[in-house]
Amino acid sequence: MENFKIYAKGKFLISKQSLIVNNKYTLKPFSKTWLADENLLNQTIDFCQKIFSQCLALSSYQKKEALLYISQQILIQKSKLARLLSIESAKPITYALAEIERSANAFYIAAEECSRLPKEYLSLDNVPNGIGVEGIVKYFPIGIVAGISPFNFPLNLAVHKIAPAIAAGCPIILKPASYTPLSTLALAKIIHNSNLPKGMVNILPMERHIGEKLVTNNNIKLLSFTGSPEIGWDLKSKSGKKKIVLELGGNAGVIVSKNVNVKKIINKCVYGAFAYSGQICIHAQRFFIHEELFNSFIKEFKNATVTLKKGNPLHKNTQLSNLIDEKNALRVEAWIKEAVSKGAQIICGGKRIGNYIEPTILTNTNNSMKVYSEEIFGPVICVEKYDGDIKTAVKKINDTKYGLQCGVFTDSISELNYCFNTIEVGGVIHNHVPTLRFDAMPYGGIKESGLGREGIKYAIFDMLEPKILVK
Amino acid sequence: MENFKIYAKGKFLISKQSLIVNNKYTLKPFSKTWLADENLLNQTIDFCQKIFSQCLALSSYQKKEALLYISQQILIQKSKLARLLSIESAKPITYALAEIERSANAFYIAAEECSRLPKEYLSLDNVPNGIGVEGIVKYFPIGIVAGISPFNFPLNLAVHKIAPAIAAGCPIILKPASYTPLSTLALAKIIHNSNLPKGMVNILPMERHIGEKLVTNNNIKLLSFTGSPEIGWDLKSKSGKKKIVLELGGNAGVIVSKNVNVKKIINKCVYGAFAYSGQICIHAQRFFIHEELFNSFIKEFKNATVTLKKGNPLHKNTQLSNLIDEKNALRVEAWIKEAVSKGAQIICGGKRIGNYIEPTILTNTNNSMKVYSEEIFGPVICVEKYDGDIKTAVKKINDTKYGLQCGVFTDSISELNYCFNTIEVGGVIHNHVPTLRFDAMPYGGIKESGLGREGIKYAIFDMLEPKILVK
Amino acid sequence: MENFKIYAKGKFLISKQSLIVNNKYTLKPFSKTWLADENLLNQTIDFCQKIFSQCLALSSYQKKEALLYISQQILIQKSKLARLLSIESAKPITYALAEIERSANAFYIAAEECSRLPKEYLSLDNVPNGIGVEGIVKYFPIGIVAGISPFNFPLNLAVHKIAPAIAAGCPIILKPASYTPLSTLALAKIIHNSNLPKGMVNILPMERHIGEKLVTNNNIKLLSFTGSPEIGWDLKSKSGKKKIVLELGGNAGVIVSKNVNVKKIINKCVYGAFAYSGQICIHAQRFFIHEELFNSFIKEFKNATVTLKKGNPLHKNTQLSNLIDEKNALRVEAWIKEAVSKGAQIICGGKRIGNYIEPTILTNTNNSMKVYSEEIFGPVICVEKYDGDIKTAVKKINDTKYGLQCGVFTDSISELNYCFNTIEVGGVIHNHVPTLRFDAMPYGGIKESGLGREGIKYAIFDMLEPKILVK
Amino acid sequence: MENFKIYAKGKFLISKQSLIVNNKYTLKPFSKTWLADENLLNQTIDFCQKIFSQCLALSSYQKKEALLYISQQILIQKSKLARLLSIESAKPITYALAEIERSANAFYIAAEECSRLPKEYLSLDNVPNGIGVEGIVKYFPIGIVAGISPFNFPLNLAVHKIAPAIAAGCPIILKPASYTPLSTLALAKIIHNSNLPKGMVNILPMERHIGEKLVTNNNIKLLSFTGSPEIGWDLKSKSGKKKIVLELGGNAGVIVSKNVNVKKIINKCVYGAFAYSGQICIHAQRFFIHEELFNSFIKEFKNATVTLKKGNPLHKNTQLSNLIDEKNALRVEAWIKEAVSKGAQIICGGKRIGNYIEPTILTNTNNSMKVYSEEIFGPVICVEKYDGDIKTAVKKINDTKYGLQCGVFTDSISELNYCFNTIEVGGVIHNHVPTLRFDAMPYGGIKESGLGREGIKYAIFDMLEPKILVK
């Protein structure tokens, strides 16, 4: 068992308090790391302050060089990293490999952005007293960034904070999820060997009450949080004088319009519904199917679902495995039971076996059931029909407190335009499930699903502070 | 009869050679202007050189103020200008009024662009030897601009050269068409009363051989020509060291796909086919109709066409009037006859009455006929069916030497995507005829239809020369 | 005495609680308005919700038309509005007139931005699984905006929230300062006559505890606050799920380098120091003068200061008048006394006469004195020498908790570069005082001076929410 | 002796006509390649037509992958390529190595641009009839590109056409200089091993009269020419219907203002004057020195110049070697003699030894001498004083038919602003010689120095054709 030290102040350290990380499939201890205490956190913040001027002075060449190095090393260590990620999260290895590749790509995109940081050159001579006046707006690194990332994409969602911080020239302190700190700590070793100033990137597993010091400390200028809506919104009120970006969850919907070939889209739908057992912020949770297609959709969907392979996530063919822990498995089971008790019908699945939940298709669901109205974060979906008028489908998809992404299957221009203009989300995915995310696109939600956008370029923008020279 | 003097060097002048401008409907003399000789042209170029530094020094405030003034005055004099334009061009008064409004709007858009001229602020520190190096790119007026504009939009196509030149800070010498110089000379009076440096805008009717001196003179830095392909491409070879933009013609096509309500689109189609008797660069000349809709389309189109009102363009209800001159009417008549002799079938129209040509719908046409393969610049269209596969329609629409715009009626996303990606034109107009142009959009063709784009922002860009400060 | 009704839900209303607005020079009651209660506020929020879809559907043409109308009407009513503003704020009439003109200009700039709202078209095909994938990012109005504006620019700082909201398509509820609600309520009458949906713009004077409901209500999506740092930062913690922009104050500094002609800059310095008696967020409060110029600067500055005319703000020649109220006059007087007691030397001024404070130049000041370390918001400045090394001056100018703007007088490229890169502010004004603001530029501070930027384009950006269509 | 085949239609070919390439230092034959005849050229154009749809369909991922591969391979083969380049051009090896690195970097920059090709999303709803109308502007590859590149940067100036063409998705036919075709043909081998469609990049050495077919053929849509003004402008008149970009030469100037430390800048000046014996388009040919610094500048410059090492370009310490051929050496010698005969004074150098010309500093020169008024393309410079007023220096620097770049050494903001605004060039280099070029910056001249700009992003832009979708 390899242990993983905390990465702070440019050093790999241990603390008084260790953290055992389980194999989420075998449920046995797999590795050990440590939890940072308040003292170490404060030292880390001080250290970041101290080296801020070095970070600010990095040329785009130096930042690009580091980011490309990290990207390449991640690809070189792909198998090792994917295995680690799979074990700590019970994520099937093919998905784990895809996540590692996406992380490498996210660093690559950040490298490309380094010499394209926003810069403006403005005419200010459009008023009588402005003759000859111009403005130069340069965007400087905002200062220390704090990142808090969740368990479901242990590496890539951390990378979406680390890579932009490097490109922007900001020191960053990242708190990974306590379930899954190892992938990020493995990344720390790669970063340590790059040419970045030591201490620019810090990975500190912490208990939540220590982590909140990150939120309240005014020497930190930006908090980027990815996690549950409940915690996210609470942190906002505690965030002091800093900027805050919140990437929270949802109960994303899918519309399947009349003019669609069900057989051709079913694999995408199964992916959206059950990839990583639905433990994805943009999990496709609610499906609205044109009434003429409803029966065939249900049939095809069930057929495809029951063939999904469950098992050890390290096996190449495994498609489903344990949820992250028993607490969550019990919760999902309870929500299914609540739905059934209120009239929902189980098309397939519905059972819990230890920490594993069968992929579950429900129908006859509605907003009174948690499986429909809350974020399930499990392999459970609701499939309902709509009467064929796209407005009905949009009304249903919007009837939620969340607004992250949605998927719309249609070949009709007028239907797609209506959907894009009226569905209340951050992203509409055409002919695909909402579970699709490209690392370069603006990503984030409205309503209770979040505040602001990630996506490398957009995350970098938030980490910069404009300064104008009027001359 | 009001006469219109040449506007050069900030003065209204006459020359030894007068030009009588006819009423294109009554065919009687309507007004008089003068033709600039080579001497006056050379003086004008010299004068532009002399005041170039004043033009270059104009603040965006000063340019905006002038452009807004001109825009407002055009609207104030709308009726008078429209009447003038209608008489000199035989353009029905409702279209003439629309053109005047568009011209006012083009000046307004140019006013908005003044403080948004391109400016770049670049990082150059993405190479090892570039640490700390930045670039400021400022776009300066390129120098004297020459514009040559055609008869069919006597005012607006001149405005699309004049308004950008003012916004860019360039002196301009505009040669209007000899058929229709009056609207532009009327505009000169408005411009003269603005706060612009006298001599910045010059309107010089000229014979073609004098106009060619504009093309060859190397003190002129940009030639913007709108007119026939034949002349345009010839000018390019004579254009010396200057930049050149060519807005030429075409034989634009329209596709009507299966999923379209013919009744709802027929008015747009009639507009595209017969507005200003087809004397429009983006006249809808070739229609490709899904086979299932073909018969009903022909029927509806014919019904709508035969009700069009012809007559004196000054009458409010007139929709069709004379072509610009007898030469063109004879040419169009001859082309129709050639087509019929090669097998084309006349659905309606086909006759010439003096300078008037009936709105003519042909079918059974093909690429061997001039009405199909050349730019007709008259009220004649070809309607053909296609077999229902959008690829067939695209193949037909692309089978021409021209490539200006096209119209595509469809509600299918996949069809529209295919059309946009593969039709060889400068613009694809969705659910409308190619005859649609917004003054703010990039406008221009490929293949033999032109070089470069107009549209206020794009025209301004061509009139600027970048200069980088590396620091 | 003309009264001014509350403007809410598209109507001019009164409430149970009236608010008497004094003439700030005579200290006598001048006019009456009313204070909105919680009930009216809630109704207004509901009304905004109801008409949001109308606001969202406004074309850029409709928004532009309204904004240009408002801009023109402000200019037409310039004298009347300036007089009103001068009386309610004791702002000298020449400054009041300038503010009215700037407000008209801010609406004009917003009109220009309407068809330039951010829109993105992205390639997402830079990953193996992205072949053919593109993204369209459209920016939609964020929802209801709340604005809170201060007394010192009663009209223009409200306009910097209202005009962007209109351009963005957002309903807005603006709370003007209770000292000076009248100019904004006069503006409401103009807005009411525009073509905007009734109820899109609402002007509600309120007591602070009612105003805080604006801050906490989650149906409001953005709070834009301009005012004191103390209140601003407190509001942030109460702002619930909404975005927040804070434009707070500072104690801006000026550097005068060696190679500067003191006589030529003294008028700018006097303007920065004493315009509107220093009641300006970007008041030039701390001057750092190259040691070789120090004595002559003090002498010239004093000479120019003692000639300033005080009196009734409505008189054309008046340059100085009362502070906004006695409380503030007493506070400023107390701060001067504190400074003197700690060793500061008065070059001129220093006395209070009623609500009037003499323009006061101090030297021998330091960070232990409030006149130096806090925002004075009064006609008091500190002038100190620096040893000639620009780094010393920058160190002094940065030694504050604030960071809004600064002025740098120098002809040295290396000095200006050093200042721009290292002074911790939102804006560096070259060869002018920090008191300069162009309405189109990004404006705002860092450190305790604020969060985010205003300036029409930047304010609009904050009022928009991106939505991506992945296709 | 390794031979280098022509690279056309995805194959390495020979022709009937071979071309012996000399070692430009030993003057002995070094290698052999072949000259394409008209038939092969036509076949190549046809082949490019045939594969155009494949090139157009390349995703940015595929293009990026190829460009990064090429960039990396160039770096891997750096020594070999530099040696080849040095031998064929007599370029000292350190400069040759720098050129190879720049070429690798140019491919890297092009890779970064692939997913950032211009794309526009426009509001067109700013007119009454535009409600709801939007425009999507996609930029498609323009078609086949022809490149003609010169001997002085045999690889990098070809790369500045090839790399953008790949990024834009255009097939390219490049004609290298007959003096120096080998580096580019070596690059062809690398390109051949990338994943690009075979035949997308073609390298065809040709005699000039065959090369002109590239210019006249209308199937080629863009000609990008780098070379002498005389040939460039002639080609423009023959270029048919295609776009044309001309990167020509000049006689760049340098201003050294009063407030400059001569010792600190002398190495930069020597670099600008004598790097690659002045055979550089942006060779610093005319120096204008503030009168107070003139004597010390001359002295320092001479001291630095006489220590320059001449010899075999392959030797690491060599700084100067032969000119490209005897014809040019004789021409330069003749120009020096002409200057002396007209009164010029030789400070140092002036002699020809075979194909070698000593680094030559002249003074007392003027516009009547070719060394001053024409592009010398040899190691000869003119150093003159100016009276201390920057306007005098600018007047002198502008007194030429050329306008490529200039260098300005000053610390005065007002002087630099004056220079930037009034020197008639494409680029002003602050505190450096005009000989500086970063591969990402817009590069090109005005007046007789060219038309359009290169620099990866700018070159790509020219290779794209916009198409708007109005919807």
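Note that the chains are named A, B, C and D in the order they appear, and that numbering of residues resets to 1 at the start of each chain.
As a working rule, a contact is a pair of C-beta atoms (placed from the backbone, for glycine too) under 8 Å apart; a residue touches a chain by one contact, two chains touch by 3 or more.
This structure is a prediction, so every number in the text was calculated from the model and none was measured.
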item	value
Of all other chains, the one whose Cα centre sits farthest from chain B	A
Interface with more contacting C-beta pairs, comparing A-C to C-D	A-C
Centroid spacing, where centroids are CA-atom means, of chain A and chain C in whole angstrom	38
Chain centre separation (chain C, chain D; CA means) in Å	50
Where chain C touches two or more other chains at once, by residue number	115-116, 120, 122, 124, 126-127, 130, 136-138, 413, 416, 430, 440, 471
Touch list for chain D against partner chain C, complex	59-61, 64, 114-117, 119-128, 130-132, 136-138, 410-414, 416, 430
Chain C residues within the chain B interface of the complex	112, 115-116, 413, 440, 471
Residues of chain B defined as touching chain D within the complex	105, 109, 120, 122, 124, 126-127, 130, 133, 135-138, 233, 236-241, 243, 416, 420, 425-432, 436, 438-443, 446, 448, 451, 453, 465-471
